[in-house]
């Protein structure tokens, strides 16, 4: 069971690189944005994995249990805001893609490059 | 005595509910075409939800948690069939035909 | 046992991520992204982060899918098949192995002696009851101890909203085909079941959003989650009753006012603290005693966050939904 | 007993995920997403009790309220797609 203690971090590594793969190898702009959000989720997973304390619970203090252990609240604060910022930036990215699609008639990067070269 | 009866009842409901949920999953995976799969998934969704949540309610007793659980149950019972309706409608609108029925009619 | 559940969910998460990247059809990718978000929320919950899980739930279930779908409706929903390229595969695999190798030095999951748990976190956990006296430490840190951070994040959201308005606000060409929201300008009005149920649920969603907003000191919740939930409720209204009705209920001008007003409220609370003789964003001076001041400050700041988030998400939704597709 | 129910729900989740990945039509995937959503609500409620912190049911409540918005959006997407293109190449 000991080795499972690092499983979260391995999943973090795989997700991070899956997202990166979608960003660098796909020509489709929407796919790139989705890849970026997977990348982002991987980072969220890393931070939230670090907040866990064995035997702890969510950091909402229970007055009737003074000896209760709590998980680390700081990563939670950072990620909580980052999730909403993530959706805001994603929508900005999607808006740019929509405008590109209106200008070029395509959302494939290589087709756009061909059109620019003409 | 009452405690024990409640516990037994809630365990029973939880296990039966889990079984229904699982059957629904198998149905959604194994049924031959989209509409039958949806049938399996949406029906067991409703029953499994009722059973599992009732099982937990028996454990919770009369607290704020019970009110929240009842609210969850009511909302799920409202939204889950609505979602099934919307989905079947979307599939039908886009021209997806129930497979088996058609192939039977075509067969001489 | 719960660790095993977590491992199981994480494995599903990896499979889903591969599925998202592999799918040729962007619509399929978006649907799988929905599943991805559900799994993330469950994992956050298992890892004792109730606030984060609630945020992921509020954002992922309602707003994200709808935004992606409306963007797809304005572009294309099919990806051109690309040849598999080997350089990215090799680079990515090698980096994965290196990152995994690096994790062997990390403390195990849940280790209470890990360095992260030694520095500021114990101080926050110990002093929140004394200095701020709200049970939810996450809210206390978010709104009070690290108020600057949250102010920064809020302005990122503000800026993103302004950016979308700039990009999408140009008038569409005459004769263009109206789309997504504007099919017969009706929404789903002739589908009786979704309409009735949707209308029934909208007030409950908004009510629950307000509960999350104002109960955030005591349970999981706060301005970010509430903003996402309330905008999900209004988006539901727009879906079942048509774009026009939703715009009638909350006009675009009012939404823009919400975006700016929320940010101004946040900064205003900070400046009020300065005028009353404290530091910027120091709430202790806002009322007679410092704890009451903290409570008032957190309430106002969270309200500002809620206003800006709701305004931004709804503005973005309306910009996408009301946009006409240009002739190609 | 919570553990038995949790296990059943988790296995069902993986079955739903399999359906989402296999397809074959787009609607199968949407069905899987919807199933996954309902199962997540159940999972979160059961785990809240397994952890002994029933005050975290707010999360399950949030999902129960807003999870079907996605499916309604799909219905609308399909309806508009049909009006716009007259075609049905949305499946496959």
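First chain written, first letter: the chains are A, B, C and D, and each begins at residue 1.
Just so we're on the same page, contacts are C-beta pairs under 8 Å (C-beta built on N, C-alpha and C of every residue); 3 or more make two chains touch, one makes a residue touch a chain.
Every value quoted in this text rests on a predicted model; they were computed, and no experiment measured them.
In terms of C-beta pairs in contact, the better-connected of the chain pairs C-D and B-C is C-D.
Separation between the centroids of chain C and chain D, computed from CA atoms only, is 19 Å. The geometric centre of chain B is 29 Å away from that of chain C, both derived from CA atoms.
Between chain A and chain B the centroid-to-centroid distance comes to 31 Å (mean Cα coordinates, whole Å). Between chain B and chain D the centroid-to-centroid distance comes to 12 Å (mean Cα coordinates, whole Å).
Chain contacts: chain D has residues 13, 16, 30, 32, 51, 55-56, 58, 61, 65, 67, 72, 74-75, 77, 79, 81, 90 touching two or more partner chains.
With touch defined as above, residues shared between interfaces to two or more other chains in chain B number as follows: 75, 79, 82, 86, 89. Residues of chain A in contact with at least two other chains: 57-58, 60.
Remark: the chains found to touch one another pair up as A-C, A-D, B-C, B-D, C-D.
Across the interface of their complex, chain C is touched by residues 1-2, 4-22, 24-28, 30-31, 34-35, 37-38, 41, 44-45, 48-63, 69-92, 94-99, 101-102, 105-108, 111 of chain A.
On chain C, the positions that touch chain A within their shared complex are 3-4, 6-7, 10-11, 13-14, 17-18, 20-21, 26, 29-30, 33, 36, 40, 43-44, 47-52, 55-56, 59, 63-64, 67-68, 71-72, 74-76, 79-80, 82, 85, 88-89, 91-93, 95-96, 99-100, 103-104, 106, 108-112, 114, 116-117, 120-121, 124-125, 128-129, 135-138, 141-142, 146, 149-150, 153, 156-157, 160-161, 163-164, 167-168, 218-220, 222, 224, 227-228, 309, 312-313, 316, 319-320, 323, 326, 328.
For chain B in complex with chain D, the residues that touch the partner chain are 10-11, 14-15, 17-19, 21-22, 24-26, 28-29, 34, 37-38, 41, 45, 48-49, 52-53, 55-56, 59-60, 63-65, 68-69, 71-72, 75-76, 79-80, 82-84, 86-87, 89-91, 93-96. Contacts from chain D toward chain C in the complex involve residues 3, 6, 10, 13-14, 16-17, 20-21, 23, 26, 29-30, 32-33, 36-37, 40, 43-44, 47, 50-51, 55-56, 58-59, 61-63, 65-67, 69-70, 72-77, 79-81, 83-84, 90, 92. Residues 1-2, 5, 8-9, 12, 15-16, 19, 25, 27-28, 31-32, 34-35, 38, 41-42, 45-46, 50, 53-54, 57-58, 61-62, 65-66, 69-70, 72-73, 77, 177, 179-181, 183-184, 187-188, 191, 194, 198, 201, 204-205, 208, 212, 219-221, 225, 229, 232-233, 235-236, 239-240, 325 of chain C are the ones touching chain D in the complex.
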